[in-house]
Amino acid sequence: MTKRILLGTVATALVIAAAYANFFIAPTERTMGVIQRIFYFHAATAWAGEMVFFVCFVGNLLYVWKREQKYDWLGVTCAEVGIACISIVLITGPIWAKPVWGIYWTWDARLTSTFVLWLLYISYLLLRTLIEEPGRRALLSALFGIFAFLDVPLVFFSIRWWRTQHPAPVVMGGQGSGLDPTMSKVFFFNVLVMHVFCAFLIVERYIVEKLRHDVDLLQREAEVQ
Amino acid sequence: MSLLSNTSALLGKELRTEFRSRELLTTTSVFILIVLVLFSFATNPGTEEARQFAPGLLWLAILFASSLMFQSCFLREQVNDTLSSLRLAVSDPFAIFLAKLIANTLFLLLTEALMLPFFAIFYNITLWSQLPILWLVLLLGSAGIAVAGTAISAISAQARMRELLLPLLLLPLLTPILVVSATVTGGLLDRDPVVQWKGIAFLAVFDVVFLTALWIFGQYFLEE
Amino acid sequence: MTSLPIPPTGLRFEDIDKRYGSLFALRRVSFEISPGECVILAGRNGSGKTTLLRIAAGIVSPTAGKLSFPGARNDFVPARPGYVAHTTMVYDELTAEENLILFGKLQDVADPEARAEQMLREVNLFERRDSAVRTFSRGMRQRMAIARALIHRPSVLLFDEPATGLDPLGISWLANTLREVNRAGCTVVMSLHGESEISALATRAVQLDAGSVVADTKTGATIRSVLSFGGG
């Protein structure tokens, strides 16, 4: 219990620190102005989200291989946290893009594959609600999760190579496009913070899932008696 | 090899069953036709802009039709629990999937063949010169749709609300097929046709990735 | 029915568990069936008979425990039992002959066409070999299912409530068929409700209740009592 409280406290403290850094430490960007500050949060959440989905994929593979319930719990937990991250990305993106480029959305490779990723994992969660038996639900959703994750790079490259007729603004100009050193540090600090925060969310959600299972078990045993 | 002989026996069964009733082929063909007609009402087929949309609309119609076509794929094995007798009889469960996805690819190609003339007429497009390559694109695209569709239909057959679930699971997965097939088809049907081999290779890669995934994981889809 | 000798094969269940979520369909089921035995699985609805048979057939995998076939032809490949359940497990849209040839081919039966013809004659469906199974009556469907189950000359036959829906003539025919098959060396395991001509063939009864074995007897009197106790 204390480890959880510690993790939660550290995670919250880091988020506050990151917010401070985003607003007060990072210099104002020359062309975009203050609105650019949302970029740190937006991009860092995107990276964390992708990492979370990768953990989901690993959980899915482990479940199919070992059939231990904990991997199923890990899968659904990561799917939910990942969807939360991606939802944030999809909301903060347009908030940033509209003042800067005058458009809410662009169909560039990263945004599009992010959106399809979001759709796929929403479907993953929907699939789970439509299968009653826990063993079947775990197995079939793990299999779908594996197929979904394998699809994501295919989506990304298909858009990048065949949908770039119109000049698309590079939404996340952070990668090696000459970020100011302070900005760079703030960005990577945000990345760290979001990973820690997601870890905290995953731990808490996993525990909820385990408790849900234990309660279910107790209920059934009570019914039998 | 047992896998090949099992697959060919099952493929024979799939084809025989379908050609006896032809219900899947007729309903899917009519559906694609209806979708194409509706697209014509929604756009303006005679114009130049519509010509540019046409390849995308074609593939969109194929995708929608496939999400209907694959509903029955594993559902028809539940009627008399033939899935159990098949699983008992075959030496490699992948044969069940392989036979179904080959059959589904063939059925898709057949409906596309029936529907292409209408497409060409509605949108005033000449297909003749590029027909062989067009068929290659249709083949690779349809195979990709069939592989993913067969896998997803095995999942949705075991869940509730399967009619809605199947498109929900399948269509996002098929985004790469839609993008690339539409683009490559567009290049072929342009006034100055161009063959995008990179795109064709990409479709083949998609097919191989999902076929391999199905080969590795297929047996687990059918477990009880 | 089975002109060639069948290598005798038994069944061994070792600590078989089958769990669906937190529900135990089978709990630590352990017993062995000797080659050539004819055994009844008795028990109320929901006692686990169908699940156990499906595990023996290889359609359902146990959550824990081991299933083996002592004496099977090939130790590395699990024996492929013949399995007959409530549904025919054949294709309604195909003819009787097409169905049998398909299942023959899938199981590497030598000359599947000839074997299919032989099976159809033995179950008295040869005249209807070109009719779609969809047109068959309940009794004919049962005979179709048995032909499918026996086409590859299995050494173990599993029956889940075989007499359901059969008229007395059908039950007689089934009893005769089972007697012949068992006499030829096939191990027979069947789940039954209540006494009949078919239950009289058995030399042993194993009773399940709530997923566990509660009785295992070989004497005639107790077999009958097990059947009547666990019936319905």
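Worth pointing out:
Chains here go by letter, A, B and C, matching the order in which they are written, and residues are numbered from 1 within each.
Following the convention adopted for this analysis, a contact is a pair of C-beta atoms (placed from the backbone, for glycine too) under 8 Å apart; a residue touches a chain by one contact, two chains touch by 3 or more.
Small disclaimer: the values here were computed from a predicted structure and weren't measured.
Here B is the chain whose Cα centre lies closest to the centre of all protein Cα atoms. Ranking every chain by how far its Cα centroid lies from the centroid of chain C, the top place goes to A. Interface comparison, A-C versus B-C: the higher number of contacting C-beta pairs is recorded for B-C.
Chain A and chain B have Cα centroids separated by 31 Å. Put simply, the C-alpha centre of chain A and that of chain C have 51 angstrom between them. If you average the CA atoms of chain B and of chain C, the two centres end up 39 Å from each other. Multi-chain contact residues of chain B (touching two or more other chains): 223.
Chain C makes touch with chain A in their complex at residues 19-23. Across the complex, chain A meets chain C through its residues 133-135, 216-217, 220-221.
Residue ranges on chain A touching chain B, taken from their complex, read 64, 116, 119-120, 123, 126-127, 130-132, 136, 139-140, 143-144, 146-148, 150-151, 154-155, 157-159, 161-163. Within the complex formed with chain B, the chain C residues making contact are 54, 57-61, 80-81, 83, 85, 87-94, 98, 102-103, 105-108, 148, 152.
Of all the residues in chain B, the ones that touch chain A in their complex are 148, 151-152, 155, 158-161, 165, 168-169, 172-173, 175-176, 179-180, 183, 198-199, 202, 205-206, 209-210, 213, 217, 220-221, 223.
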